[in-house]
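Letters A, B and C mark the chains in the order given here, with residues in each chain numbered from 1 onward.
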Amino acid sequence: MARQILEAIADGILGGGVYALMAAGLTLIFGVLDIINIAQGILVVLGAYLSYVLSVHLHIDLFVGLAITIPVMFVIGVAIQWLFIRPLRGSERTSMTLLASYAVALIIEGILYWVFGPNFVALNAWYTQPNASVKIFGFYVGDIYLFGFGLAVAVVAVLYWLLYRTKFGRAVRATMQDLTAARLVGIEVNRVAAITFGIGVAITAVGGMMYGATTGAFSPNSGYDLISRLLAIIILGGLGSVGGAMAAAIFMTTAEALVDIWQPNWAVAVFYLALVLVLLFKPTGIFGRTAARAQ
Amino acid sequence: MTGLRGGGVSKSALRTEGIAKAFGGVQALSDCTIEVAQGSITGLIGPNGSGKTTLFNIITGYEKPDAGQVYLGGRSITGQSPQRVFAAGVGRTFQLTRIFPRLTVLENMLVASQHGRRRFANPLARSGGAAGRDRAMFQLEFAGIAGHANALAGTLSYGQRKLLELAYVLVADPEVVLLDEPAGGINPSLIHLISDRIAELNATGKTFLIVEHNMEFVMGLCHHITVLDYGSVVAAGPPRIIRDDPRVLDAYLGTGEDDDEPAA
Amino acid sequence: MIAGTRPDAAAGPETGPAWADPRQWKRAGIGALILGLVIVIVFPLIFTDATVSNIAVQTVIFVAVASAWNIFSGYSGYLSLGHAIFFGTGAYAVGIIARDWQLNGSSVFALLPLAGLIATMIAIPLGLIALRVRRHTFVVITIAFFFIAQLSASNLAITGGSSGLLAPVPNWSPDTFNDPFYYVGLVIALGTIALSYLIRRSRFGLQLRAIRDDEDRAVGLGVRAMPVKLTAFAISGFITAMAGGLWFYFLSQTFPQFAFDPLFDLAIVLMAFFGGLGTVAGPVLGALVLEPVQLYLNLRLTNDYLSEILLGVLFLVIILFMPRGVLPTAGEFITARIARGRDDGAQGGRGE
């Protein structure tokens, strides 16, 4: 029993890392553009499918394939923002962008169904096999998780460098804090918005690959489940807080893994119930900023 | 100290004592003590950043002070919510007019006039009722925009919005009215209209506290002026004294001439 | 009169075109309304084809749903993407009670208000949690609650799990089988439209719409936001659940992904937007146009994928180019054209 619990915690933390990656992009987009990108879930699935195509049809290794999928997803992200998000202005901007991203999600899902069909597929490699694992502290940790962990660290490091050590990153942080002030000092806010959206989506290339490799099987329908979890995570962690999203991701997946021991059917409900509980006491999320932006 | 018209002991309609408020590292207000005499028109002036709007926000409950008290006619209203302050008889306008753009002008008025109604009135009855609408139309005529009653408030010009905001604050018949830059950004003839209206309302007993940058407006209308700089009061008194007070000129960086700043 | 101020009597689009007497328009409008009522009442008696009446039933159901959604989301500005919760709850409530009390025939219709009440009992705690947060978060919470609801339907024994529920099949004459459903749906739809109209011109509706425009300012003026929002939410949920119950009974079966369908909410949002958000007629017209189109496409296209893509594209087009709704935008376009035609003839028109 104790071993089961510890295993669940370990699973939770590792799985949480993957969700943390996906959620980080989503909350970053919110922080800078003040919008909730509902399409993030299906974009993760798209990333998984891209890795799938590269792996199965071109025999490119999953991690190597990222060199292709990341730029591709970046471009897709920028295109989505430029075409469908940027033109939306005015007092209803919040709701409109949300609905627009939901519509984009529908379109992408439909296209995925069209191209790949409703069947489940999986990402496979030598390191995703059940026996490809390493023994750490008496537990077997799948190779994919080890590599993934390293990858996540790398992504976070790059993100950190980007945000805190480059001029662009300064522009992003300035825009996050005060849009008008950023404009006044000459920051090209539109460009920052587009690129940040692109980055947020590019991260889903990584998240998608990891998701596809760790989840067993996925289909275009997986997007719904994903986006609802991601939304719960970023709200729990506080909209706009990357660190909060990561902490929330790990917390929630661990809780789910624990509940799964006794009640596998209801495990996923833990996600949402945790969200509800937190919102009862702190409507802005655990790390949420209390100052509300004008709606 | 207050220079009221009429004699006798003056009562203060509104008073703050030792208000302090900081935002992050910035001390917006420190030991801010002002007094607004009953039935007066008091001006609140000072350079940008001196804390005028913050003080308004604290008085009307949109912000809580770090220290100090706010008294309405002797009763403390410190820290009360905006709706309680409003219900207590204090109306205020905002620097960037806050109206309801997708409601008609008349409907804007009706939103403000519905406090204090009988609690169990039929919720589906036509909003306002005949009496409410009459009152609203009266205020709109007083403000000069009655012809736009059925227009969406969002279609009004900036000046008309200011008049609307003034009108709907007045429809609740407050005793004390706080105006945040009522003359900012509108043409001179409209400024005269607003000035006249304020004087007329004051004659019926309403007390006004006005934040303004337009010195001509302030000097011509107010009985009493309080000057704020860096969050505290540096001078207070009737216009003719304030006009020549060196501390005031200092606060405004030594301009000394009529400050007709365009609206921010 | 002070020189320089704008003259008060400016005729704009809001006060109507100058060449028509407003009272005549009002009379014409009432006449059209009565004509419309007559048409919808005798509709199934004229068009007896089963496919047509099938579409008609589902259309009136969605007219009710779209209007109900609008009563809350359109007027308050809080977009709910979780109304499927109420729809599905209504469906399951009717299904479970009909099964356990072994009801059939017309008596099942009596369950509809009961289903509505059950939904209201869910709406209140849900609303108390969800309506305290700002709008971004609100939408997301409705999505989260939606998934909890779908999950519950799949996992609870009482709901029949993932295989769903079957409805009792009444033994009515096959020629007019759809008619009772149609008329019940029509009553609900007309009632909802009337309620929507009454709310919009009432003080309650005014407060809702003020909340939509500037909630903080409205609260500062004494509007009690939470009770107002919650009431609208509960009303909206009640009606949606009734519609869901009727829909379930009509289609004879349901299962979790069907009753709690993520596309459901998008479809009704699209209907409301299409016709004009926040108006009384908007969602009605949106449903009247889009629901038959959607059903027709479902019949003709063998795969749902295409209709999903079309739904998304249509949505984007409307949001990007006609955000106030197709019908209001078209209306404004026409009015502007008329005004321009008038001004060309008039002398010294004021440039606006």
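Heads up, the rule we're going with is that a contact is a pair of C-beta atoms (placed from the backbone, for glycine too) under 8 Å apart; a residue touches a chain by one contact, two chains touch by 3 or more.
Since this is a predicted model, take the numbers as computed values, not measurements.
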Identity of the most central chain, Cα criterion: C
Identity of the chain that, by mean CA position, is farthest from chain B: A
Whole-Å gap between the CA centroids of chain B and chain C: 42
Chain A-chain C separation of Cα centroids, rounded to whole Å: 33
Length of the line joining the C-alpha centres of chain A and chain B, rounded to whole Å: 48
Chain C: positions in contact with at least two other chains: none
Sequence positions of chain A contacting 2 or more other chains: none
Sequence positions of chain B contacting 2 or more other chains: 101
Of all residues in chain B, those that touch chain C in their complex: 60-62, 82-83, 86-87, 98-104, 107, 110-112, 114-116, 121, 123-128, 144-148, 150-152, 155, 157, 160, 172, 187-190, 192-193
Interface residues, chain C side, partner chain B - complex: 2-10, 12, 14-15, 198-199, 201-207, 209-210, 212-214, 217-223, 278
Of chain A, residues touching chain C in the complex: 30, 36, 84, 87-88, 90, 92, 94-96, 98-100, 102-107, 109-111, 113-114, 224-225, 227-228, 231-232, 235, 239, 265-266, 268-269, 272-273, 275-276, 279-280, 283-284, 292, 295
In the complex with chain A, residue positions of chain C that touch it: 77, 79, 81, 129, 132-137, 139-141, 143-148, 151-152, 155, 215, 262-263, 266, 269, 273, 303-306, 308-309, 311-313, 315-316, 319-320, 323
